[in-house]
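Here come two complexes built around chain A, the first alongside chain B, the second alongside chain C.
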Partner chain A sequence: MSNPHFVGVETARPDAADKVSGRTQYIHDLAVPGMLWGAIRFSDHAHARIKHVDTSAAEKLPGVEAVITGYNTPEVRIGFVRDNFALKRDKVRQFRDEIAAVAARDPETARAAAALVRVEYEPLPGVFSLQEALAPGAVLVHETDAKGRPRKDNLVPVRFAHHSGDLEAGKRASKHIVEGEYRVPLIQQSCMGTAGCIASFDTRGNLTLIAKTQIPFLAQKDFNRALGALGLEGRNTRVVVPALGGGFGTGLDTHAYEYIAMLLAWRTGRPVKILYNREEEFAYLSPRQSATARIRQGCDANGKLTFREIEVTQDNGAYTSWGATFPSVMLVPATSLYRVQNISFESKIVYTNNTYCQAMRGYGNPEITWPIESSMDELAELAGLDPVEMRLLNSNQPGETTPMGLKITTCGLQECLERTAAGLNWKENRGKRRNVKRGFGLAGLINVAGGGKIYRSDGSGIILKPDDYGNVNVSYGGVEMGQGLHSVLALTIADTLGVRPEQVIVNQTDTSTCPWDVGTHASRGAFMACNAAVMAARKLKARLLEWAEEIFPVEVEEALAKARKHPGFKEPDFDWRGNCRPGCFELSDGILTIKGAPAVPELQVDFARLLRAIHFRRQGGGTTFAEEAFYEPPTELPDWEKGIGNMSATYAFGAQGVEVEVDEDTGEVKILRLVAAHDVGRVLNPQTLKGQIYGGLAQGIGYALYEEVLTDKGRILNPGFTDYKLPTAVEMGFPIDVQLVQTNDPEGPFGAKGVGEPGLVPTAPAIANAVYDAVGVRIRELPITPEKVLKALQEKRRR
Partner chain B sequence: MKTTLHLKLNGRDAALEVAPHARLLDVLRDVAGLTGAKEGCGEGECGACTVLVDGRAVNSCLFPALEAEGRSVVTIEGLAGAQGGLSSLQQAFVQEGGAQCGFCTPGMVMSAAALLSANRDPSDDEIRDALVGNLCRCTGYAQIVASIRAAAGKAGAP
Partner chain C sequence: MGYDYIRPASLEQALSLAAQGESALIAGGTDLLVALHKKKRPAPGRLISIRSLPELAGIRDEGARLRIGAAVPLADLLAHPAQARLPALAKALGVMGSRQIRNVATLGGTLCNASPGADAAPPLLALGAGVELAGPAGRRTLDLAEFFRGPGRTALQPGEIMTAVLVPWPGAGTQSHFLRRSRVAMDIATVSLAACFGLTNNRLSGVRLAAGAVAPVPLRLRATETFLEGKALTDETLAEAAKLARADVAPISDLRGTAWYRRELVGVFLARALRAGNGGKP
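This part shows the complex of A and B:
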């Protein structure tokens, strides 16, 4: 790419001014004329048969327009294994099961009416832990599968595994072997903007859904299928995405509340809005899975890894979302973080009567990097190696193909480890501060950074449509949810096409106007969008420069003729006519000129003028422009049962290191400073890139130290920020040193890799390793609360 | 059932019809049509609903609307400079990347405005203390603190 001058430069985001003035419109701020409000009646039991639902009292409440249940609406199935229903009939399997729903004139009336629905249950025993659910003869959460066949156990019918090399030979070749069981808790994505949607139908049965989604096109597919259930086969869903108050994975599935809004809108013939409040979001929106991982790995006398064996068991809750497929992503670090042959990875996804779970940023990677990177430190200690040395010895390198078949093109892992260590003065500091209870710890990461193929297409389309005024309107089907996608798109298009970033206007995502995109997840947004944008912008530029041969001389003549009327005008000292040849034109900063021409206004044609001159061509035959491009990354859909396939076009690497202080009296862990070195390929906008890393880190810190959704027999005990602690500005008050390692990836747009998720991947093990360095206790269960640290310290003293 | 609430809203006299137990947040959003203040929790924990009442930052989700009687209320919409331009504090948030999804941003900016009018040149710790009631899930706060630091001490802040 020739000398970009916007890409790579710290630039304010195009959406920032509206956001700081309160003008940005989220689902909370939207209303449609004639709109009703929906509310849902959820289950009062974690597992029960529904004996009877009485909606009569709810129907009588003034202001209520409709009350629906699973008994008076068509069955709408949800989820990729079709095990969930918009409204439940016969049986509830979790506290948040939707039994009835109301449409009413305002949200208060709707909620009051939902509470008036009377439900009679026959309570059933439930399974609330992995042990209970996996025990022989356990109560079945689902007695039958989606096709009605009887089920024998509580396992979700999807398998992710990997076996390569010779595990037993690897064990025999090991001088040292470590083993451990690690846990991660249920946590809430905690978007500051809660979930909501507005559904409306036209008279022909086409649905418009304003949805807080990250997958507009897969949502369109899901809802078109649901329209079929309403007898509206062949009708269409238009998904429109408002500004999102955060996504973090909550938008990767379609949700029961959205289908319920659809059903209510269909029943009433009016638009229906459903908006969760915070308590509802905690209680009724799917959190991130809890899981247990057993890991065993070994190394030889020199510290070279010899084998790795991992078994993961994940608490799915009662139904299956895409989040159940976390092990698909766990395969990446399990097989490919550091060089290791002889690998065994097995996963179980288990139904329970707990709240069902869904995706969250990182998607299995933090869950599995936690045991891998904790265990790397244990192994280093056994082998008598410094943890950084141990990692450098086994570091991935550019050009290698890993046991999963991942093709590592560029790889900055080594440099990230070195820079993290240097940033912490590792050599002088680590292992030497036991008396002051300070410790140093570090962990590395690998993450998909060029898409993550989990669907038939992992591509993204884009349309660039310049107008008569020199604006370039962009239609892109992915979702800006705060990460800064629109900012990097504008910079990429400005540089590739040759306009100024302010001339690039990214439109609202709408399935009716934007080309297909698989969804904004897996750190793929900027990588895909910008790759497609480069392709489309090049096509557009080529067409414009072709027209320049005709337009430029006409426009320049006209400008010169005008200029000559002014006394004292001097003809430019440049043979511009002789240079009006293909290949001699240049479009840059929104100005068309000839290479080498002096910068005088008469020899420059403004982008808008160029477009108008083509559009309104004097001799007729003018045209307007729109260019589309679709970027499909060169990747493979893995064989999940074998765990083989190059699922991403490139991979991000990184390392994070921390200094912590542990209070031995209270067990409190305080972070004193943090270094985060990330292989980002190439920086598109330093501001939004760092924003992704800082934000990821805060989520990593929350995961490591504070956050956990507490449950008792499936009931959520802390549905609010009073008892669910997110890090505040005070907890995040330690110095953070972000190091950007630029490896310039050949497949990346301008060399860039995806950066959305890596920031939170290695944070927890880095902290746990530092806690161990400080006080010699190893915590294997997140979050690392003061109670757990104190307990471990007491146990250590007893030993 | 409804009562008339008289207040100075973003510098102008206003009379709003409100239910006796209405929250200031709902009155601002639903009656006055000022949707800049957001509801992130409704229980005083997230600060997305922060507005200024007589110059002090309050959680409007907990603040009874009728308690604003005769007082001055400033929302994010009232912070903008002349001709809808941004205040220097808002500009700093734009320049420093203080907003990502932006849902917490109106509340953050209002808390920062209250801080800067009481303390022209706060330290980083003072900035962080002033934001302790404002949750943000996107930014990790680093660029928010940088925004406020950049605005501090500037002419005309906030």
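This part shows the complex of A and C:
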């Protein structure tokens, strides 16, 4: 392809103006005629038997159309291992368990009625920590599995592990070994737009669900299965995705509230909307898992890594979402961040009576990069090496295959580390500013960047349909949730096809019009969408240029005839007739011409005119166009128990470094500047790319310093932004230097890699390493609050 | 959620409306409306706005003291030349909420709301401020330290309205400092501390200290004040004072911080405030 005109150029995203001016319609803005409002009655206990549910008072409230419970609706099983129910019967296992639901004429009535539902419980003792849940004879959160067989412990029945090389030999070969236990807290995805949906049925029993989802097609499958439970086998769910105010992983599963809206709509025969407010979002939607990881790592006298041993235990909460499979992604950094042989990785996913958890951006990677990159610094110190030197010595290189079987094609890790260090004047600064309590820290990352195969297909389909006016309508099954997917789709299609980005219109995602896509997660959106788009645009272009052989001469003759009427017209000095072959045409910026032709209007055919001439072909036999393409990346579904398989078509690397100042009296950590160097393959749109990195950094900083959902015996104590703290503009008010390392990946569209998640992956260990450099204390539990730092400083002084 | 909203034209009218009960006074509404929305207080029959009462407006230099109308928005006070003479107060007001909040929130509102963590309280306590109240039984003034009675509880009698805050001008050579920690910006304080004192030849005089978010009410640190009065500002004095201050307060552990951390910070802030007297970084 010739030099792109649009890819790589800073371009305002197509949805920006509508979002800024308030015209974008989110689920909050949508209403369907005749719509009722749903509200849910949640559990008052973390663990209890339900003895009786009395809905009579709720039913009597004027304006109430239906009250449903698990006892008067068909059983709808949901969840990744089908251990959850839309409405609970017999037992509640967490505070947010759905017991009853109401459909009413307005949300206030619905909520008031839900509160009138009377539930009698028999409270049961619960398990609220990993220790309690794993103790011998612990109370069982689930007494039976999905098939009704008795369970003997609180372990979720999925296993992710990896053992390669010879661990003991690795330990023997080690000069230095470090060991530590690291914790990450429960955190909230904190989408600006809260959760909600509208469910409606046609008279034949087909469901339309307007859903805040990142997986429209897997959701369709889930809901079609649920239709079966209603006796509606063979009926279909149409999933329509409205504009999303952020997803961050909350849309990777289907949720009980969506099935409840479906049940209420079926019961009432009217559309039903359920919308969470902020407190409900905090209390009743799944946050990101808390987890504990033990790590042991060693190196030889030269600093070469000799082995790595990790055990992760993850608090699943009461039910299982896709997020339980975080360890599948932890395998990537555990086995493949830096060159290390002799690896052991084991994971446990544990049921508790805490709120059940789900996916969030990074999907296990930040959780595990946190211990790995903290302990890399500890190891470097023991080996007497500079942390950057230590990492460069062990850096991944292009062309290698890692113990997990990941095929590293392009790899910018070394350059990212070097540029991060350079950006901080590492050599002059690190370890030398303790007198002023300033410290420098850095951490690296690896992340899937060409999809992440966790399902039978990791592919994406796309349809390009030009119209008579020169617009190219795009139907794509992935989801724009604020990340800028539609922007990069427009740029890649414009450049591949030869039109202007404004001519590319990306339609709303809708399972009835878009081809299948596995979901927008794992940093795969732009990589998949744009690969599919390039394939489809090339096909479309080839067909158009075939037609051009017939159309172009007719259109040009006509234009020339018209032009000749003007006195003084000069015939173009170019043999265009001799060059009317597909290989000689050029379609660029929405203009069809012949390569090498002088730029005169008579020798140019507008894209729209070309399409119309084909459609309304004078001699008959005209046609319209649509081209479809399906991109399936060249990857493998790993064997999870062995932890082997090349799950992504390419991998992203990066490094982040910070300078911090620590107040030794108060324990406060202040970030003074940050450098983020990311191997992005190739920049598609600098604006949306930097947006992904800035946003990731803000989340990474929140994870590192501020965010934590606090609970007491399963009850969430800070359900709102009053006491759940995100960094504000003030905390983010330091210089950020983003360095884009372009490695031009052969499998990437235009060379691009996925960039959605890396921005938040290494932030926390970089900060912890900088805190250590500043004041010599190592914090192993996120968030790094002033209290933890002050306590650690006092302990250090006492020692 | 809807309320009758009444805007009396005079203090007299407001007092007679308030005397009928079943109502709540609303100034800026930044505390009240949040509490009502979150159902943290019972819904009143009606809201009586005191925002534009002329008797509660204006900032006036009365010679020995500054009289600040109870309904004066924080932003107006911050824009007034008087704030230059009350740096600790200005600093506290400057971190309250955001600009939007400061444009509507009033000084009387934050005092009558009586949050233990109200930022304006410690500097006003340390400045020795008083409050002027009007009620069915007439007018009275009260030392601010007598005004706070517990979280959300004040000395206001039913039907009483705060009309003004009275701040004696600090004497020549008096310094005032304010320190505060919160989890992030736009957050309620975890700990705050204000100090007023004179320092001549390294000797402390007229020491008045107050801390916020470390007890059921914003608190004068009397024992620490007594200890410091007349002392030379030395490291030993500071260490001893920090110890006393930590004993003067009675913090709880909550979502913003533990009692341990709050005690630690009271000592740290006290030392920093006093060191600032010698040009240290507060």
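Convention: the second predicted complex is superposed on the first by the 797 of 799 C-alpha atoms of A that agree within 3 Å, B and C clash if a C-alpha of one lies under 4 Å from a C-alpha of the other, contacts with A are read in each partner's own complex, and residues count from 1 in each chain.
Assume a contact is a pair of C-beta atoms (placed from the backbone, for glycine too) under 8 Å apart; a residue touches a chain by one contact, two chains touch by 3 or more.
Here the structure is a predicted model, which is why all the values come from computation and not from measurement.
When both complexes are overlaid on chain A, the residue A:Q131 reaches neither chain B nor chain C. By the touch criterion defined above, A:N425 lies against neither chain B nor chain C after alignment on the C-alpha atoms of chain A. Judged by the touch definition given at the top, the superposed model places A:V730 against both chain B and chain C.
Shared-chain residue A:L710: touches chain C; no touch with chain B.
After overlaying the two complexes on the shared chain, residue contacts for A:T624 are found with neither chain B nor chain C. Applying the stated contact rule after C-alpha superposition, one finds that A:N718 touches chain C and leaves chain B untouched.
In the superposition on chain A, no contact is made by A:Q397 with either chain B or chain C. By the document's definition of touching, of the two partners only chain C reaches A:L790; chain B does not. Once the two complexes are overlaid on chain A, the chain A residues touched by chain B in the first and by chain C in the second are 726-730. Residues 665-666, 668, 706, 710, 717-718, 723, 725-731, 786-787, 790 of chain A are the ones touching chain C in the complex.
Against chain A, the residues of chain B that register as touching in their complex are 29, 34-43, 45-46, 48, 75-77, 79-80, 84, 86, 90, 93-106, 109, 124-125, 127-129, 131-132, 134-145. Those residues of chain C that touch chain A in the shared complex are 181, 183-187, 255-258, 260-261, 264-265, 268, 272. Every residue of chain A that touches chain B in the complex is listed here, in rising order: 12-13, 15-26, 28-29, 189-194, 243-248, 277-279, 481-484, 687-688, 690-691, 694-699, 720-722, 726-730, 732-733, 736.
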